[in-house]
Amino acid sequence: MDLHNGSISIKEAQHRLRLLPFQDLEDACVDTHRGIRKGYPEVIFCPGKTTGQILNIARELLRVHGTFLATRAEKNIFNSLRDHIPGLAYHAAARLLYVTDPQKKPAGKVAVCAAGTADLPVAEEAAITCEVAGSAVERIVDVGIAGLHRLVKHLDTLWTSRVIIVVAGMEGTLPGVIAGMVGRPVIAVPTSIGYGAHFQGLSPLLTMLNSCAPGIAVVNIDNGFGAGYLAHMINVQTLDDKR
Amino acid sequence: MDLHNGSISIKEAQHRLRLLPFQDLEDACVDTHRGIRKGYPEVIFCPGKTTGQILNIARELLRVHGTFLATRAEKNIFNSLRDHIPGLAYHAAARLLYVTDPQKKPAGKVAVCAAGTADLPVAEEAAITCEVAGSAVERIVDVGIAGLHRLVKHLDTLWTSRVIIVVAGMEGTLPGVIAGMVGRPVIAVPTSIGYGAHFQGLSPLLTMLNSCAPGIAVVNIDNGFGAGYLAHMINVQTLDDKR
Amino acid sequence: MDLHNGSISIKEAQHRLRLLPFQDLEDACVDTHRGIRKGYPEVIFCPGKTTGQILNIARELLRVHGTFLATRAEKNIFNSLRDHIPGLAYHAAARLLYVTDPQKKPAGKVAVCAAGTADLPVAEEAAITCEVAGSAVERIVDVGIAGLHRLVKHLDTLWTSRVIIVVAGMEGTLPGVIAGMVGRPVIAVPTSIGYGAHFQGLSPLLTMLNSCAPGIAVVNIDNGFGAGYLAHMINVQTLDDKR
Amino acid sequence: MDLHNGSISIKEAQHRLRLLPFQDLEDACVDTHRGIRKGYPEVIFCPGKTTGQILNIARELLRVHGTFLATRAEKNIFNSLRDHIPGLAYHAAARLLYVTDPQKKPAGKVAVCAAGTADLPVAEEAAITCEVAGSAVERIVDVGIAGLHRLVKHLDTLWTSRVIIVVAGMEGTLPGVIAGMVGRPVIAVPTSIGYGAHFQGLSPLLTMLNSCAPGIAVVNIDNGFGAGYLAHMINVQTLDDKR
Amino acid sequence: MDLHNGSISIKEAQHRLRLLPFQDLEDACVDTHRGIRKGYPEVIFCPGKTTGQILNIARELLRVHGTFLATRAEKNIFNSLRDHIPGLAYHAAARLLYVTDPQKKPAGKVAVCAAGTADLPVAEEAAITCEVAGSAVERIVDVGIAGLHRLVKHLDTLWTSRVIIVVAGMEGTLPGVIAGMVGRPVIAVPTSIGYGAHFQGLSPLLTMLNSCAPGIAVVNIDNGFGAGYLAHMINVQTLDDKR
Amino acid sequence: MDLHNGSISIKEAQHRLRLLPFQDLEDACVDTHRGIRKGYPEVIFCPGKTTGQILNIARELLRVHGTFLATRAEKNIFNSLRDHIPGLAYHAAARLLYVTDPQKKPAGKVAVCAAGTADLPVAEEAAITCEVAGSAVERIVDVGIAGLHRLVKHLDTLWTSRVIIVVAGMEGTLPGVIAGMVGRPVIAVPTSIGYGAHFQGLSPLLTMLNSCAPGIAVVNIDNGFGAGYLAHMINVQTLDDKR
Amino acid sequence: MDLHNGSISIKEAQHRLRLLPFQDLEDACVDTHRGIRKGYPEVIFCPGKTTGQILNIARELLRVHGTFLATRAEKNIFNSLRDHIPGLAYHAAARLLYVTDPQKKPAGKVAVCAAGTADLPVAEEAAITCEVAGSAVERIVDVGIAGLHRLVKHLDTLWTSRVIIVVAGMEGTLPGVIAGMVGRPVIAVPTSIGYGAHFQGLSPLLTMLNSCAPGIAVVNIDNGFGAGYLAHMINVQTLDDKR
Amino acid sequence: MDLHNGSISIKEAQHRLRLLPFQDLEDACVDTHRGIRKGYPEVIFCPGKTTGQILNIARELLRVHGTFLATRAEKNIFNSLRDHIPGLAYHAAARLLYVTDPQKKPAGKVAVCAAGTADLPVAEEAAITCEVAGSAVERIVDVGIAGLHRLVKHLDTLWTSRVIIVVAGMEGTLPGVIAGMVGRPVIAVPTSIGYGAHFQGLSPLLTMLNSCAPGIAVVNIDNGFGAGYLAHMINVQTLDDKR
């Protein structure tokens, strides 16, 4: 270490110690220890990155973790990378680009509910985020508040999940209804689906924050990735693990 | 008058009757023909009026209609007027001051639902507004979304009402749930009951406006009077009447 | 079934009928009993659905109800479906796709007022929604607040309607003016027509919610369908009916 | 001074007079030439000033202009100053403290309309601001949109005014209605009177800004003073004057 | 008519004239008496109207008033109509289509100030609206707050105008600065020019409403037409006229 | 009951148990099976309830669950009830009234972090809610962003917790910082502590929703109860349990 | 150090190294090295702290730095502490409690401008914050936009300051005007002084953010402390210093 | 001129020089003395200006200052001007068009930090603005809150800068974190990078305004130019300079 041969001061050394190891790539630092620190590998947020940058980061992540996930990925990025990354998958509506690890057996269970068909892209973003990380997922679609009775046949699935993601636009009442019926943690995802006084998702966001059925927390509008990431964390942890 | 010399038609005369007559009191014009024009007597909005002014208007309305309703009335107004107006009633939580007509038999049925006990004052404002005008009312209280199953035993009452008023604060999902289950017109009343990102009723207001269960319309936050007034209009009219 | 061995009452059975039966299609559950439960058949909200999905749902609805309505339908959907559905009609401005039942005689009367020519698409959405369901409609167009006197010749139409829909953008004052003159329930529809501090319909929405002329309720911005649906419910119901 | 040696023109000198002279008082600079520059003497905004400061400024203004106006003045200020300033008047609801000039004959005509009795304090603030400055004022009260027909008897007053101030809370539609009927400049004043989705005057403010009846401009919520000041300026100027 | 048999007074008759006559065109009622009632002919708001409708209304207005103004007119409308309406002018940036009356001598003076070059389209909309109606206009451009000293050379123009229109985006401070220096009525027009926390004109709108320099009123964001219309009204009226 | 004659399955019966039973008290339905259905007994929301109502509900809950929690309880309620409920505890700042079960051994671990001392009342509400339900809690206080380095000594506590609640007002960045360092689910609670452009908690709410460090979900402003409830659910469930 | 005798792991040591030294007091960690790290000693934010806590922290800060500043301090705190802390000063309007160091000679120059007398408390908060830290301050008061010409006599003071703080409520235009005239860094402080569409300081905040006169940055509404702190930092640093 | 005959002092004359001279170009007044008055030459804001106007202003600025900067410049403007202005540079992402002065040696040091790669365009706008004016700049990229530890290796750069610009979208916490660690003035720039409840930059703007780590001020969303301009001013001024 530099400290021993005197090339840096003790103060400098203390500063360096504050950071965990990382290594520079061209335009972005890929934090290869992050999977260890957080239980989920670094994820690539595509907007503002070139295809080349995404490829470099993806390869580094694959080398270390054997899997990776890139969010908000447009179709053309997939087209450019599909020949360079074996096993690359793409979900157009969810705008996810990913490689899953076929070795990994899906663990636990996360239920992902979409209130309407228009909410499916965000629900898929949540579901695939869980699956890439290793969680088992069950999807329940088109069970909005106007057809509440349809929900009944899914009660078993909901009760046997360790965490429930509920994706809803419009008035966003479904998460509160499910939380009122099922004793499982609910992660609510408002979507920007709606019009008029919907204000691009503000209405369901407020509905979910104000839900008087406790056991709900909310992520950002259209943030399927964030919901999936958190759901996976809750799903896989057990009382005794100490990472 | 123009009618006598034939220069205008009878229909025209009726129109003018609806538009013109009124008489001045000291500070406010009491429109004594309004009961005829609108099917509901003029209502006194108390804020900004002195007790004397309220008494004058109330007496004029009683003389013409035999009943009256004053909204947003503080307790002290009731105390001042109770000795001057026989049969005067007061509901403190709803802040309503009124005289009902014992002759009038309640007609039809309006269901008034309150999602929580904290929503009762607004629900009472709606219910009494209906009753003073002559509608029969059934109250259903504390049936919020967190205890949705409690709603089931009230389904008969809801289905046999001609119009349903649903009062809800917090996330405001109850009107949408009821509209999704019962084929009756629903008037939704958001209340300012809540905290945080509730914004004094903005959250349930947006929820109700964005409800994807059709058959709902919304009145202003805490506007129990407006909901009751409209519900009464819908309740009493029949297909053949032409007022 | 439980009913046969007497363990539940007939009333209970009716309730279950209202709550339970539905059948799965590929991507969306079409609720064929909904016409019975709500007095209006299920309506297809087009955004996010493929033409194939819309066709399947439409056919199922036609089979059961003999009529259907699809909202927010773009022109290309009509072009794709016109050869597959006999009697299919399309209103481009209102973005409605529908089949009406020529057997059904229009009932009652709903007045639909548009404040300006720019509000016509939303007004048409409301009017056709009423007509598809079986209500008679009278249209009154371009009677905005700047030309209030034009309204006078329509007073008869307004007074003889069972419910009035008023569509207005800009400052949105027309519903309050009409409610102040005519003793009929008014359903106000703010539109996103305007600019500047209009905020895509927020201004007329607030105006309508704050109207001090009672007898008004409001639906979401540009929600002509919701207004039409509710108006039809109010128009057709009679005091004695028990659906 | 530069004027004497001819290095600047007389016109230039007049400009400098308008821009430069002022004199320091203890905590606030009273601009004694302002009456000349703007056609209205400096006005005292009371919040944050001590009674002593207000007295000093008032005396200086009286010395120069023979009149003064203090806005947002609480009762206790009046009580403290009434013995020190002869002819001091106070309007409690409008929170105005002022001395008028009995010599000055009221000029022109400003109509001040209040939609409801609750809007009277703001309307009085506007009216007295006009009167202190020398404009003649006619008041029209309680002519809100729900009783539009009451407005008819005031049409003559409105047409013969040089400028109309319309004060309205609730939904704030009255200015647009008046501007649609009368060809006079309308200054609209939204008030904070209302509740729910009124947002302390935001609703009538937006209504007035979006009015499609041209000939209206708007001042801040509850800003009766600003409306009166502007109305006076419009009222007194004539085509040929060049101040 | 009632006037002939004496049952109503002449004054009453004049009132009725102001309120009643109009005639139907295909899609819009053109109010040909409006020029008399309001001092400004009816103006055509183009969005939502077909070229044919605009032509019909324009011809009717030209027949009665010899002039007309159409706002928010896209270039293609001008191209379609230029061969059908002699003397038709078009201002592309202001999106105005109009015919002026060469007989009419410009009256009074309106100053129109634009804070920046980007505000010119709205300023032109205001200026041309004045000119079509018959007011003389002086334009002052690019005098924003960052170059306040540039304003000095225009002080004479401002002082000799009967009303000043100030158009400003960004922070919108120019109207307050001018009102603080010049004793003339100021009509402030916020524009949507800006970015970030500008919120499409909300920032300058609030600035102008909160201006502590009195003598200002505000119209809607980008509403050059409304400002021009009101400015013309103030400019042309004189103390003795009684229309 | 249907179960006895075999017409419904045991699974179906369990579902019904979850949905149906409840019993009426005077003003509020206490749902005594709720502890079973949701893993947490019914909680009393005090605002709008009388002391007598609270006592009745509390006794019923104690009878069934041996514990209860009342939120938003003012001091006077505690004073009235302390003699009627043995073991009653009260936390004034958190406004919680509760009875804990001394038999129950605290399970798992929830970390509750408060960014500043002013955030302590909300943090306590969260912590006590966990403890009443049976979770072990560790409190970490005053570790706001300005003293980020203070957080380091608590890293072990954070890593060994099964879920972390982070309470923060002002700019609300602490949850994102912790989520960026520790691989545990983070429930973020914005508080209304702040001033100016803080808007009663809107600023930290938005910060938390927009956090780019995944693994966070957000509850309503000041909703310590909601955060504690959800944290308890996550803390106590294990992969194999099927309630 | 613990590492040498093996009582903690290397990983633990790394964690500990990340934090700079600090020491625990009862309820708040006082960071005595912060003056070195940041160039300004830790400041006490009073809300939510007891008088005893404030006394403890103040004494520790005095011991290390010989000076301290406490913000948002109510009068009663001063009354409680004045006998325990020699040299304690208090400014009631600015709510500041502080001890200055008489040894320290004021350095550089910061100009603090208040647009109106009502803005003085916030301006004083900024000025005293600078002075306690050691900066020389010149105050310029009541130079709002309506009396812009008053500003001229202060131009020398402004040009010879190293940084200018401008405090303004109402429309908040003063900072932009000063930045347009003087080539010095301007720190703008919006205040909550105003009414109506002022929204507690939102209006001047937006104005300042949108100012097109560059050289301005903005702090939170009413945040005189933050402005003073930053101004002091800019004032005292020189090109060659390396702290 | 007044100076010659002694009627004004030299100091006064200098003031006038700062206030008065300017010269007209066709559509925009280029203020050639502005570099002297403000320490930074006039900058061209491109939107709304033609290429010809930009060329004219640029040439005038180059003639006087030997450098110029044009902001919000689209690519096509560069293409049109590159042959007419020698040494013209263009940064596409930052939309800056400029000519630097190769003679000028970069002075001092400004650190420019970007939280994410998507924030780079705004960061570049800030950095180039500093460089064109003559400041030395060090760039630190992709150091967002999720990878806080990456920041450590840049601490030396930050501590040795005279001012730090921090550009961040998403939740916008980086400026507060840096201000909490480094005792240098921080200029925070929120960007519109984000989605959902980000509201085009409102979320990071509020975060930055509410930062409890003092030493921060904020500029408008995406206003890299404003941040660079202010940073340059702070960077180059020294305690003794009196411009």
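A few comments on the model shown:
Order of writing sets the labels: A, B, C, D, E, F, G and H. Residues in every chain begin at 1.
The criterion applied here is as follows: a contact is a pair of C-beta atoms (placed from the backbone, for glycine too) under 8 Å apart; a residue touches a chain by one contact, two chains touch by 3 or more.
Just so it is clear, the structure is predicted and the values come from calculations on it, not from any experiment.
Counted as hops between touching chains, the shortest connection from chain A to chain H is 1. Homomeric contact chain B/chain F is classed as different-residue, with under half of its interface positions used by both copies. When the contact pairs of E-G are set against those of A-H, F-G or C-D, over half line up by residue number only for C-D. In terms of C-beta pairs in contact, A-F outnumbers the other of A-F and C-E. Taking each chain's centre as the mean of its C-alpha atoms, chain A lies 48 Å from chain B. Look at where the CA atoms of chain A average out and do the same for chain G: the two points lie 41 Å apart.
Residue positions 19, 45, 116, 147, 181, 196-198, 202, 205, 209-210, 212, 220-221 of chain E each touch two or more of the other chains. Those residues of chain A lying in contact with chain H across their complex are 12, 15-16, 18-20, 22, 27-29, 31, 45, 47-49, 53, 190, 192, 200-202, 205, 220-223. Across the complex, chain D is touched by residues 116-120, 141-142, 147, 149-150, 152, 193, 195-198 of chain G. The residues of chain D lying in touch with chain E in their complex are 11, 15, 18-19, 37-40, 43, 45, 107-108, 152, 155-156, 159-160, 162-163, 181-185, 187, 205, 209-210, 212, 214-221, 225-227, 229-230, 233-234, 237-239, 242-243.
Residues of chain G that touch chain E in their complex: 116, 144-148, 170-173, 176-177, 180-181, 194, 196-199, 202-204, 206-214.
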